[in-house]
């Protein structure tokens, strides 16, 4: 197929160029591209806030911005990154694009609800951006009462409305995925022939459906308390601010699993393809996704250890928090075991997968630190916790998101990304990330509190190191933005299966046709069976 | 399975992403049940706040609950149960393809829903007159402690308000159904929207089934 | 220029938490090195040499899965037990601890010693003696965090919360507010001065004395005319407060609760929350009239109203606390 | 339609039982049963819910999956309430203020 032929081949991208065909599309692939553009915008908005924070923290007396502005910076960094980038990131882009194909379906169960989900995210994002431009919100992304309801005079209502609306985008995506996986698998696609990426997104969907409504109603109550002065959490009326924290964290801890589970799904795919072996202990990795989704709902109290929550409740939550750590450990061990006796290629997605396993291991292990009651009393609300969740979110989810983007870019766009530039940026991101966040563990244990922009002089050296790392990390993130755009026009044309992968999404042309499959495939092979794709393969190992 | 045309033809009963009408109906029903799960958790947050505060302030909650009119509440519950009854008869009519019966039952359900909202509005107005609406000039003579009493009424208005909002949305769905039923869009083969609207309506009724005793009937014997 | 990489260890909890840290870091370094080494070795040893290599699939081994589930779980249970042990010790201050009241207010700490000294953003304490802080907030949630003591406790409006420690090394240690509380959250810091006992006594007597907390409590008690109802001999319409602190009180709705600081504070600000058996809800609320410091002073005064044997100026006649109640709690001499 | 269609008689019977139960729960509330009155109120409400779900929402004929999902929702509601009340009920048990 010469390039001209490929150009004219009918696919989901050239099926229509006008705005209407994009903004009213029902095609899960186009909606995934719309999501990709939206969350990239929010990623860079959040990134700008992060850079300002890091520059501010270079000096102990914090000269760049005033206290009010700094409080707004870290709040909006948290909100933009968590609600508008991390939570939709992998499920809404890679999940939307590939889940239907991987199970042999033409589209999600409810395409119009899928489009509605995107609009809800955009409308919610609009409210949040309006609040940022109008003056910002300074309650922290956690909105703790009574500060958020009584003492803050910033744009809390507009931001709360934005998060409320975008929460429904997450709920409806979860609903769509659950029904699609249950009802629309191709014949022969049994549960244990589904790729682990589908398992991970299914577990994530369960959390989205069961957890997000609770934070939605919590935000409604904060809204009512600010607007109508009805006092659900107001201590002056006998309300209990700790009840707010229970209701908030009931969602927000499972939300961190919404952010990391899809990333684990991507890593399972990449590790398997680039070591050309089925994932070691497929069933255990699949069930550990479900276990994380379920046990993830029993541990939220470890955010409340020092909040006057009772000692006995703290004991229960601390104990259960160690249960939820075990499935994550099982996954890491199974990924590492998959490499044994494999045929390992060092393409960029694999570099991101190695980065993910390393950094997620450190992130996960420091989770064990903060789950221990006596230790958490010292390090909660300090930079130790900031470092912990950045290791899991940035070192984990963003690494896996970039790995997934590189892995599926040929299929999504029909173009190959530039391999060497990609490897360089992966290395820069890995170095920049560690330099930014590892010093924060030390800062945290020394007692540097969270959300401080004025701090004692003895912490300055570590802060300067962290800011240096942040600048490297920022540059590292700009590379993919540039060469992905460049590849759309000048990238090498991608074949149907550049990596020799086994998923159903690789059986169709790149970029895929509008209806995915001319004829719904009948699945006969086991999952990750590379003998079907490696022509006259030489048996090794 | 029948050989699929390149791009499958799209009908109401068979959207293009489904292979069989049966698959589409099962998906829509299962999708609705998942949505109802999110609603259970949505109201669940309010029930949690209610449980915690009733546990902390049992006496004041009892006094405040006794100030509500239980008879009106019971009658209103009966109205809602009747609307559920007419709704399920409407769904049955749609299953059997009886268009006229479907239209009659939809109208009845809509009317009963309006009656419920009307009674609700009356109760709220009565609360407004008695200064039981939380806010600046809240005053509840039944208990000396105004704080927890205001908590009860905050929860009362939050829960019944959210329920009423769901009733209004339900009424909107019923009107849409009515509009299409009159135009003969629903047949015995394609009645999924009626079935799903029925699930939603019954769910809103179930929420009220729990709201009524929990809000209206605490320590009623204290009076 | 010495770059400090480890916080000072200046309290009885600090060594425990530090040893727990070393155990946690040890386990984590072991597993991190294990994973990194395995990845590097496998990646290099089994790198792809030819494009059509097809490794033999190895599916699973139950024994291995169980091993790397049970062993990590065992290690984590040690972390759990050790942490829980420290947490339990931190949640039970010794009875003889020296008490200091802390009132957190948007963006400053107000501390009050029993002897009357008042401090802003500073706390002088003797080394070697357990110090219990009873804290409340007047507005948003704050958190009393002393890194050198490894202790942290949120200060929540509407209730008292407690933290305690024993300073083991004289010195000047940072005090931070660790729960975001608004604009000057980063400015809400201070210092803890741990001093040798004799220096502490010198500081205590040297400071301008406002009279002990109990005395200012007594003055406030009279200003608010609490004595009109709360007569010493209990003959008024309200229960006598003599010897009330620490005693269990029979309530009108049948519950029996211990009269601790939280009960006294609630009864001052929301009198009808817990009505003593045999009495009517007559007491007006003092919410808004008495500041948090005022409530603390009144509590200290009520604590000082010991039973007649030790009380000053109370009539030796038999004191009946609950004229109406059948089961009057006996007064222990 | 392939699906089983219930008779009007069943629906009417269920409807009348629901109305009766509403009456009962209101009446019972006026009798002083102490803490037990909450249990009775919730039991009656649960029975009414099951009636509506099984008959009116055709839960009887629906797939195992839907039944599992509905049960799951209530299990999660129970988790949320149980752990939060575990905190609220055991506050101060250790004998220290705010712990």
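For this structure, a couple of remarks:
Per-chain residue numbering starts at 1, and chain names A, B, C and D are given in the order in which the chains are listed.
Keep in mind that, in the parts below, a residue touches a chain if its C-beta (ideal position, glycine included) is under 8 Å from a C-beta of that chain, and two chains touch if they have at least 3 such contacts.
Predicted model, so just to flag it, every value in this text is computed and none were measured.
Contacts with chain C and chain D are shared by A, B. Distance from the chain B centre to the chain D centre is 15 Å, each centre being the mean of its Cα atoms. The mean-CA centres of chain A and chain C are about 37 angstrom from one another, to the nearest whole unit.
With each centre defined as the average position of its C-alpha atoms, the distance from chain B to chain C rounds to 45 Å.
Across the assembly, chain A contributes residues 182, 210, 214, 236, 238-240, 242-243, 246-247, 308, 311 that each touch 2 or more other chains. Residue positions of chain D touching 2 or more other chains: 65, 72-73, 76, 80, 84, 88-89, 92, 94, 98-99.
Counting partners per residue, chain B has 26, 30, 34, 37, 41, 44-45, 48, 52, 56-57, 145, 147 as the residues that reach two or more other chains. In terms of inter-chain touching, the protein chains here all touch one another pairwise.
Looking at the complex, you find that chain B touches chain D at residues 22, 26, 29-30, 33-34, 36-37, 40-41, 44-45, 47-48, 51-52, 55-56, 70-71, 73-74, 77-78, 81-82, 84-85, 87-89, 92, 95-96, 188-189, 191, 195, 198-199, 202-203, 205-206, 209-210, 212-214, 217-221.
Considering their complex, residues 88, 91-93, 134-135, 153, 156, 159-162, 260-262 of chain C touch chain D.
Interface residues of chain D, counted against chain C in their complex, comprise 92, 94-99. Note for the complex: chain C touches chain A at residues 3-7, 13, 16-17, 20-21, 24, 27-28, 31-32, 35-36, 38-39, 42-43, 46-50, 52-61, 64-65, 68-69, 72-73, 76-77, 79-80, 82-88, 90-91, 106, 139-141, 143, 145, 147-148, 150-154, 156-159, 161, 174, 176-187, 270, 287.
Across the complex, chain B meets chain C through its residues 57, 59, 143-145, 147.
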